[in-house]
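In the two assemblies presented below, chain A is common to both, partnered first by chain B and then by chain C.
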Partner chain A sequence: MRLPLAALLMVCGIAVPLVVSEFWTFIAIEVLVFALYASSFNLLLGYGGMLSFGHAAFFGVGGYATALLVKKGGLSVGLALVGAPLAAAAVATVIGYFCVRRSGIYFAMLTFACQMLLYTIALKASGLTGGDDGITGIRPTGILSNSIAYYYFTLFLVGMALYLMWRLVNSPFGYALRALRTNPGRLRYVGVPVRAHQWVTFVIAGGLAGLAGGLFALSIGSIFPSWLNWTASATPVVMAVLGGLHSFVGPMLGAAVYVILEVVISGHTEYWPLAMGCIILVLVLVLPEGLTGWRSLQARLRPFGGSGGR
Partner chain B sequence: MLLFLISAGLSLIFGVSRILNFAHGVLFMLGAYLAVTIALLGPGTMTAYLAALIGGTAGLFVVGALIETGLLRRIYHAPHEFQLLLTFALVFIFGDVVKLLWGREDHSMAVPSLLTGATRGLGLTFPTYRLFLIVFGLLVAAVLWYLLQRTRWGIFVRAATMDRQMLSALGVNTHRLFTGVFAVGAGLAGLGGALAAPIVAVGPGLHVQVIIDAFVVVVIGGMGSVFGALVGSLLVGIVNAFGLLAFPSLAVVLTFALMAVILIVRPWGLFGSQE
Partner chain C sequence: MVSSGPVLRVENLHKNFGGVQALGGVDLEVEKGEFRAIIGPNGAGKSTFFNTLTGLIRADSGRTLFEGRDITRQSPDTLARLGIARTFQITSVFSDLTALQNLQVALLGYRGATWNPWRSARTIGVERSNQLLHLVGLAEAADLLAGTLAHGDQKRLELAIALAGRPRLLLLDEPTAGMTAGERLESIRLVHRIAGELGLTVVFTEHDMAVVFEVATRISVLHQGHLLAEGTPEAVRNDPQVQQVYLGDAVIDAERDDPEGRLA
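Then we have the complex of A and B:
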C-alpha cells in the first residue's frame, strides 16, 4: 500500500460520517470492524499460508470478553475493550500451540474443532454467557453512545491496528512469514524457527480479530453464541478471498463490498445467503484472485504471464 | 446408524478427492425433503415409504453427480480455501432453496404402519422403527463393505485414497471414478435423510447439527475409512448418550474435545491411513 492510497483511505474514513446518514454511519462502523477482522485473517492465510477455519473463534472470544467485562465486571467501555484482544490472544496462544503442529487441511480442521469447542462452551455455560440468549444491553454509555463518536473511536482503533499490521508485514518478521508460506522447509534450513513464527502470527491475528469482535459487540450492543458456530467461520474467508489474498488492502476492500452487498441485498430479499452462495461460486470459479487481482485474470490469458501473487 | 450413513459418504468423498464437503449436511436435508414429498403420495403405506427411500437416494445420487461434474471438478487443484468456500456456497444456496421450494415450516413424514409401535425382546421394549434403522444401517454397511472390498470399483476407490496420480497413470479413468464416488456419497446422505425423515422435524435448520456430528465421526474414525465411520458413529453415539446421562451440559463439549485431541495426536484418525 503506497502512501497516497493510505492517505486517501484515511481522508475517506474521516469524511464518511460527515456526508452520510446515521444508518450508513452504522454500516461504516461495521465495514471498519470487518476490515480489521478480514485483514487479521489475511495475516494468517495470505501472508502465513495458514488456512484457519476457526478464526471466528477469536472474533467471538473478543466479543464475549468485552461483553462480560462490561456486564459482569462493571468496567467502562474503553477498559473492557482492552480485554478483547488480550483474551483472544490468550486463547490463540493455547490453540495456536497445537495448531501450528499441523498443516494444510488438518490445520483447518483443528482450528475448526477448537472453534466448535468454544461455541459449545458459550452455548452451555449459560450462567456466564447467557447460553442461547447471549448477552445484550452492552451499548456504550456517555460520549461513545453517539454513533458518530463511536465511528471515530472505531476508526482510530482500527486504523492503529492496521498500521501496526502494515509495519509487521513489512518488517523482517513479515518477510520471513511470506517466505514461510512459499517454502517452509527451506526457511527451516536457513535457521528460522518456523513453528514459533507461525505461532506468534497466530496469536497476533487472534488478538486483532478479538479487538474487531469487541468493537462489533459494543456497536450492536449484544453478542450471541451463533457468532462462534461453524456457519460463521466462512465469513472472514469470503471477505479476504473476495478482496484478494496476498494483498494488504484486498481484505479491507472485500469486507467493505461484503458488508454493503449484505445491506443492499437483505433490503430487497430475505434470501441473502442464496445470493452470497452464488457470489462465492462466481468468485471461486471465475475470479480466484479477488477484486484486487482482476489484472492477473488478463495476465493468465497471456502465455508465460505473471501469476498475480506477490 | 443414520450418522453412519452420512459419515460414510463424507469419509469416502474426503478419502478420494481430499475435499472436506461442508455441503454434506444439506445433501442429507435435501434427501429428507425429497422423501417427505414423495411419501405424501400415500401417507403411512409401505409402498410410498419405499418409494421415498429410493427417491431420496436416487435423487441425491443425481444431484451429487451434477455437483461433481459441474463444480468440484474445476477446483481439485485449487488451494484448500477455495474448495472449502465452494462447499460452503452450496450450504448457503441449498439452505435457501429448500426454503423457497418447501417453505420455512417443519414437515413430518408418517412411519409406515408396518414399522410403527414397539418391539419386545430380551426383556426390553424398543421402538420398531429405530430397530429397523439399526438393521437397515448394518445392511448398508455390509453392502458398502462388499462394494469396496470385493468389486473392481472398490479397488479403484481404495487405490485412489492412497495415490490418485498413480491410479490415473495406470490408466484408470479417475474423472469418472471421482464423479461416481461423490454421487455415491451424496446418495448415502440422501438415503440417511430419507430414513431420518419420519423421526426428525424436516425443516430448514436440519443440516446444521448433522454435518457437525458427521465431521466429528469422520475425524475420529479416520478420513477415507468406511469402517472408521462405523466405529466413529457408534463411539460418538455412546459418548453422547452416556454424556447426556452423566453430565448433560458437558456432553457436546466432550465430543469436540475428543475431536481436537484426535487431530492433535493422530490426525489421520483411528482407522485412517497415515499420509
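Then we have the complex of A and C:
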C-alpha cells in the first residue's frame, strides 16, 4: 500500500459520516470492524500461510470480554475495549500453542475444534454468558452513544490497528512471515524458529480479531453465542478471498464489498445468501486473486499476457 | 572454541526406523577446510546421516560435536545460527519472494533479527545481499521472483542463502541433483571456488563420481548404515571393499559419464 492510497482511504474514512445518513454511518462502522477482522485473518493466511477455520473464536472472545467487562465489571467502554484484544490474545496464546504444532488441514481442524469448544462454553455457561440469549444492552454511554462519535472512535482504533499491522508485515518479522508461507522448511535452516513465529502471529491475529469483536459488540449493543459458531468463521475467509489474499488492502476491500452487498441485497430479498454465493462464485472464477488481483485478469485477457503481477 | 580440533565430530551415531537400522554407529571427523564427500549406494544411510547432522532427525544414540560443542539435540534453527548452513537435494528457496528478499530474510534469520515487528525491512541487508548475489553470479536477478528463476539459478540462489550467515560449516545434500552432466561440474566448481575463498569446511553427499573426484579432499563411504571406508579420493577409489560395493571399478571411474547420477 502506497502512501497516497493510505491518505485517500483516510480522507474517505473521515468524510463518510459527513456525507451519508445515520443508517449508512452504522453500516460504515460495520465495514471498519470487518475490515480489521478480515485483515487479521489475512495476517494468518495471506502472510503466514496458516488457514484457520476457527478465527471467529477470537472475534467472539473479544466481543464477550467487552460485554462482560461493561455489564458485569462496570468498566467504561474505553477500558472494556482494552480488555477485548487482551482476552482474545490470551485465548489465542493457549489455542495457538497447540495449533502451530501441526500444519495444513490439521492446523485448520485444530483451530476448528478449539472454536467449537469456546462456542459450547458460550452456549452452556449461561450464568456468565447468558447462554442462548447472549448479552444485550451493552451500548456505549456518554458521547460514544452518538453513532457519528462512535464511528470516529472506531475509525481511530481500526486505523491504529491497521497501521500497526502494516508496520508488522513490512518489518523483519513480516519478511520472515512471508518466507514462512512460501517455505517453512527452508526458513528453519536460515535460523528462524518457525513455530515460535507462527505462534506469535497467531496471538497477534487473535488479538486484532478480538478488538474487532469488541468494537462490533458495542456497536450493535449485544452479543450471541452464534458469533462463535463455526459458520461465523467463514465470514473473514470469504472477505479476505473476495478482496484478495497476499494484498494488504484486499481484505479491507473485500469486507467493504461484502458488508455493503449484504445490506443492499437483503433489502430486496431474503435469499441474499444465494445472491452472495453467486457473486462469490463468479468472482473466484474470474478473479481468483480477488478484487485487488484485477491486474492478473488483464494479463490473462491479453493473448500473450505480459507481466501481470501481484 | 578449540581452534585446533575438528570442525565436525560425529561419535557412534545410531538411528533405527521401526526396527530397520539406518545408521549403525557412524564415526566421522572433518577438519577445517576439508571438502568432504559422503558417498554410498542408495539406502546406505546418507540421507539419514545428513538429516541427523542438521537436526531434522534425532539420533537414537551417539553425539555430534561442532567445533567441540555438543550439538546433538539442537534444533535446525539453532544450528543455523551457530554457523552450520545447508542446501537441499530438492532445491529449496522462497519462491514467492524476489532473489534479493530471499537473502534479506536469510540475513535476518541467521542474525536472529526476525523478531523486530516495527522497523522497515525493505532496506535491511541490501548491500550484503547484492554482494552475495554477485558472488554466485545472480547480480542481474535481484528483483526477479525466486520461483521464476531457472533451476540452475535457483540452486545458486540457494547456495547464496546458505552463505548469507557466514557459516563455518556448509552441508550440501546432493548439490548437483537434477542437473545435466555438463552443469554438474560447473556447479560444483563454483561451490569449490567460493568455499576456498571463504575458508569454509564443506561436507556433501553426491551420486555423481565425476563430481566427487573433481572436488573432494577426502571421501567417506557409507554402506548399510556403517562407515565402509574413508580416505583420500585415490585411496577410496582403490579400496577393494568399496569397489565391491559399487559392483566393480568401472562404475567408480571418474571419467565415466553417468547421466542419471545414480550408481546403485
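The working rule: the second predicted complex is superposed on the first by the 296 of 310 C-alpha atoms of A that agree within 3 Å, B and C clash if a C-alpha of one lies under 4 Å from a C-alpha of the other, contacts with A are read in each partner's own complex, and residues count from 1 in each chain.
Here is the rule we go by: contacts are C-beta pairs under 8 Å (C-beta built on N, C-alpha and C of every residue); 3 or more make two chains touch, one makes a residue touch a chain.
None of these values were measured; they are calculated from a predicted model.
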Q: Kindly classify A:Gly185 by the partners it touches after superposition: chain B alone (first), chain C alone (second), both, or neither?
A: second
Q) Is A:Tyr175 touching the first partner chain B, the second partner chain C, both, or neither of them? A) second
Q) Thinking of the overlay built on chain A, is A:Gly267 touched by chain B (first), by chain C (second), by both, or by neither? A) neither
Q: In the overlay, answer first, second, both or neither for which of chain B and chain C A:Met276 touches.
A: first
Q: Based on the superposed arrangement, let me know which partner A:Gly74 touches: chain B (first), chain C (second), both, or neither?
A: neither
**Q.** Comparing the two partners chain B and chain C, which touches a greater set of residues in chain A
**A.** B
Q: Starting from the residues of chain A touching chain B, keep only those that also touch chain C in the other complex, and list them.
A: none
Q) Once bound in the complex, which stretches of chain C touch chain A? A) 54, 75-78, 80-81, 85-86, 88, 92-97, 101-102, 104-106, 108-122, 124, 161, 164-165
Q | Interfacial residue positions of chain B with respect to chain A in the complex | A | 18, 20, 22, 71, 74-75, 78-82, 84-86, 88-93, 95-97, 99-100, 208, 211-212, 215, 219, 249-250, 252-253, 256-257, 259-260, 263-264, 267
Q.
Residue numbers of chain A touching chain C in their complex, please.
A. 167-168, 170-176, 178-179, 181-183, 185-194, 197
Q | Residue ranges of chain A touching chain B (in the complex, touch as defined) | A | 45, 51, 53, 98, 101-102, 104-106, 108-110, 112-114, 116-117, 120-121, 123-125, 229-231, 234, 237-238, 241, 245, 271, 273-274, 276-278, 280-281, 283-285, 288
